[in-house]
Amino acid sequence: NAVSSQTVRTTNDQVTLIETNLDNQTGEGLGFAMQQLLAAGALDVFLTPIQMKKNRPAQKLSVLVTPSQVDAMAQKLFQLTTAKGLRYQTLNRKIMQRHFETIATAYGPLKIKIAQYGAVIKRTPEYDDCAQIASQRGLSLEAVYRTVQQAIQQHFEEEIK
Amino acid sequence: NAVSSQTVRTTNDQVTLIETNLDNQTGEGLGFAMQQLLAAGALDVFLTPIQMKKNRPAQKLSVLVTPSQVDAMAQKLFQLTTAKGLRYQTLNRKIMQRHFETIATAYGPLKIKIAQYGAVIKRTPEYDDCAQIASQRGLSLEAVYRTVQQAIQQHFEEEIK
Amino acid sequence: NAVSSQTVRTTNDQVTLIETNLDNQTGEGLGFAMQQLLAAGALDVFLTPIQMKKNRPAQKLSVLVTPSQVDAMAQKLFQLTTAKGLRYQTLNRKIMQRHFETIATAYGPLKIKIAQYGAVIKRTPEYDDCAQIASQRGLSLEAVYRTVQQAIQQHFEEEIK
Amino acid sequence: NAVSSQTVRTTNDQVTLIETNLDNQTGEGLGFAMQQLLAAGALDVFLTPIQMKKNRPAQKLSVLVTPSQVDAMAQKLFQLTTAKGLRYQTLNRKIMQRHFETIATAYGPLKIKIAQYGAVIKRTPEYDDCAQIASQRGLSLEAVYRTVQQAIQQHFEEEIK
Amino acid sequence: NAVSSQTVRTTNDQVTLIETNLDNQTGEGLGFAMQQLLAAGALDVFLTPIQMKKNRPAQKLSVLVTPSQVDAMAQKLFQLTTAKGLRYQTLNRKIMQRHFETIATAYGPLKIKIAQYGAVIKRTPEYDDCAQIASQRGLSLEAVYRTVQQAIQQHFEEEIK
Amino acid sequence: NAVSSQTVRTTNDQVTLIETNLDNQTGEGLGFAMQQLLAAGALDVFLTPIQMKKNRPAQKLSVLVTPSQVDAMAQKLFQLTTAKGLRYQTLNRKIMQRHFETIATAYGPLKIKIAQYGAVIKRTPEYDDCAQIASQRGLSLEAVYRTVQQAIQQHFEEEIK
């Protein structure tokens, strides 16, 4: 299952970014809306602190969606937030080609994401797996990542030889 | 004057976003520029804290204008700020259709903005009206909104019945 | 069960604020650490974006604890984060006196927090209750709060009469 | 009226910093509260964007007051914000000794603030004066400051000779 | 060498903005990546604090490049950061036309940047020159700018007469 | 040279935090001041984006110094910034006890910082060493850290056996 034996292509596609500035919704409401927008299928949701007129601190809500989701997500966004308007644009995207492999680690077999773009290869464990291990064993996320990273380097060094 | 008896259409239009990064203007100067850009007709102006090279904290100044305002507002922005360049793009926008109605509240008659997008309806008092009431009566803005919100719910519940 | 029939005292106590600047831990690691510190008994945990030397974006991690928790939480903080030092201080605190009452709402009986400091009274539903209702019924948090707020105003207006 | 003929002492005093984290008040409400707290006599008010639990963006509200104002400003803060608790501490302060002089400028006579701490002297025009001039003449704040700064350097160079 | 005797044209061109959200790279790593991206030829690089899902503080990395640099800089960005995807768009840009002149100042001859857009003219010294002077003489950057600004105003006033 | 054979004590000491809000200094000036304050002996310097009255974005400058440096650093801060006042306080500090060891790595011998607080041990390479290696070899900082981390784990595992 060596990486070199697989067809790896760089992916070019498009993503739509929906944004709106919110100065009339609370942090509680925005935290809730973020979770509901993700549950409704948004690719990603993030918040940027901004400063608006009349001395108002505010948040720019950014929602990344596939271009075909725009109408449905706009409806959702108007429902979950206090926004009365939103702006959107479709952006080009470059994504590292990715696949998964399972390797042996000190914590048992673990799924590893292998991402490639030209000569760049990144091999990383999944956050949710590592967070669960860290939580169960009372470790920091960093300690778990370090141990898994060592297993990754040993596994793939051997394969490449 | 029930909402249901009115033609409500979702508006799709365009808005131009002008942006520039400023690491050589003071906060005093930026606060002044924000007010002058709004006075010059910008639809909205907001600031985002960013971090630039050479350990410089900076602000990204964002100005939303109608596409036809770009040249005039660029001139204004170069005049009011220390920017030597700016970037801009025209974005799609979805806006909730809106109209105003006046209802009776504990503070006297008050103008209410009614915004609609598909099945989503939002009825909100105007900030400036409520801020004036709060200021005169020594109340928080939240206390005024709560009272007006109650009047809104009573008025429109009755209309819908 | 009127508020006026209860003894309400303003509380003055102390709280210890532990802080450290982190430029060598990822956002993933910080999000995980925040959750673990809360689970370990911190009163509150929050993050402030800061800018450090060598062009490094960083986060100031702030942990509010009772003064007697300092040693245990410092140990926990060193374990869960990449910090090699922390600073702390004990602050005075004023807290609104609070108690809970259950009232009838359109969503069934709901626990209401009543907070008082001198002449200021705040009556608010609990976030977790409202978030659960909003999530189950597909509403925004704001819509639920508005409905509950109306029930709050009716319940307590009647009591006061 | 040379600076050297005046008694200039570095001032050491104390200031109390009141802070609270707000994740349940809107930007509109916070902008209003900031203005009312300043109007109520706070020495200064500022907001810091922070990130709290449950994915909530929030603001830390900071109010600088004289130590004797703490009780009155705490009452005011509880009234104007959604805070149910606040923390405070008294800090040492060093302030540059300051006095004012009026000098001739291209815009007519203008009041100049002269601040001194040991060997450091700063001579600056007042923001409100310059903002008014800039606004009336359609200039940037920076353009006005540059012109006034030149008048300041000429006036005080001559005096020192 | 008066400005008025020179051909000054407003420049309209295009710039490509590459962006990615990073919640799994440390501040140390991001500060290093910023420097390397600038060294690799990016027009500008800046960071914006954002808040992502799962309580993660993060940074949006923004890289401004010429449209022809996109492929090379994407490769570089994937190599220097932990990003597994990036989005990009080409924006319109307006730049003030600029040229340099050397004038006499209290610190010796200094290169001045003269930028023009329509009726707006800005004459500013270069940061690196002034930072070097400030550093050598133990002055603040502001003190050096003030002195140079006075030389600028005298030089160009005389020329215009 | 095993860690267990060394006396490791948790250090408790004090540090003074000097802070001032700056809305009248540019990002250029603040980046320069940060570097000069570090050069003048400050333990650490960092900036926090804040929002002040009159729609002004600003920065809170924080300088950590030893308690005996306060007077000298206050003088320096007044000289390098536009501040006309500053506030300061002495905080308690807990620091992980630390010493250095040199180990063999794929990049040659490298100095490793070993920090300990109770049962918590952290072994990390120095940023400057790794940044230099990354820069020379065209690697990301993360790639260098991963390789050194592996050398750290092998070296100390062997010692502990």
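Order of writing sets the chain letters: A, B, C, D, E and F. Residues in each chain are counted from 1.
Keep in mind that, in the parts below, a residue touches a chain if its C-beta (ideal position, glycine included) is under 8 Å from a C-beta of that chain, and two chains touch if they have at least 3 such contacts.
Computed from a predicted structure; not experimentally measured.
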{"item": "Reference subunit E; chain at largest CA-centroid distance", "value": "C"}
{"item": "Higher-contact pair (C-beta pairs counted), D-E versus A-C", "value": "A-C"}
{"item": "Between subunit A and its twin subunit E, rotation from the CA superposition, multiple of 5 degrees", "value": "120"}
{"item": "Length of the line joining the C-alpha centres of subunit A and subunit B, rounded to whole Å", "value": "30"}
{"item": "Subunit B and subunit C: spacing of chain centres that average the CA atoms, whole Å", "value": "29"}
{"item": "Subunit D: positions in contact with at least two other chains", "value": "24-25, 28, 34-35, 47-49, 51-55, 57-58, 79, 82, 89, 127"}
{"item": "Contact footprint of subunit A on subunit B as seen in their complex", "value": "15, 17, 34-35, 38, 44-49, 62, 64, 89, 91-96, 98, 115, 117-120, 122, 124, 127"}
{"item": "Contact set on subunit D toward subunit E in their complex", "value": "49, 51, 53-55, 57, 146, 149-150, 153"}
{"item": "Residues of subunit E that touch subunit C when the two form their complex", "value": "22-28, 30-31, 34-35, 47, 49, 52, 54-59"}
{"item": "Interfacial residue positions of subunit C with respect to subunit F in the complex", "value": "21, 24, 48-54, 58, 60, 74-75, 78-79, 82, 84-89"}
{"item": "Interfacial residue positions of subunit E with respect to subunit F in the complex", "value": "25, 28-29, 32-33, 36, 49, 79-82, 127, 131, 134-135, 138, 140-142"}
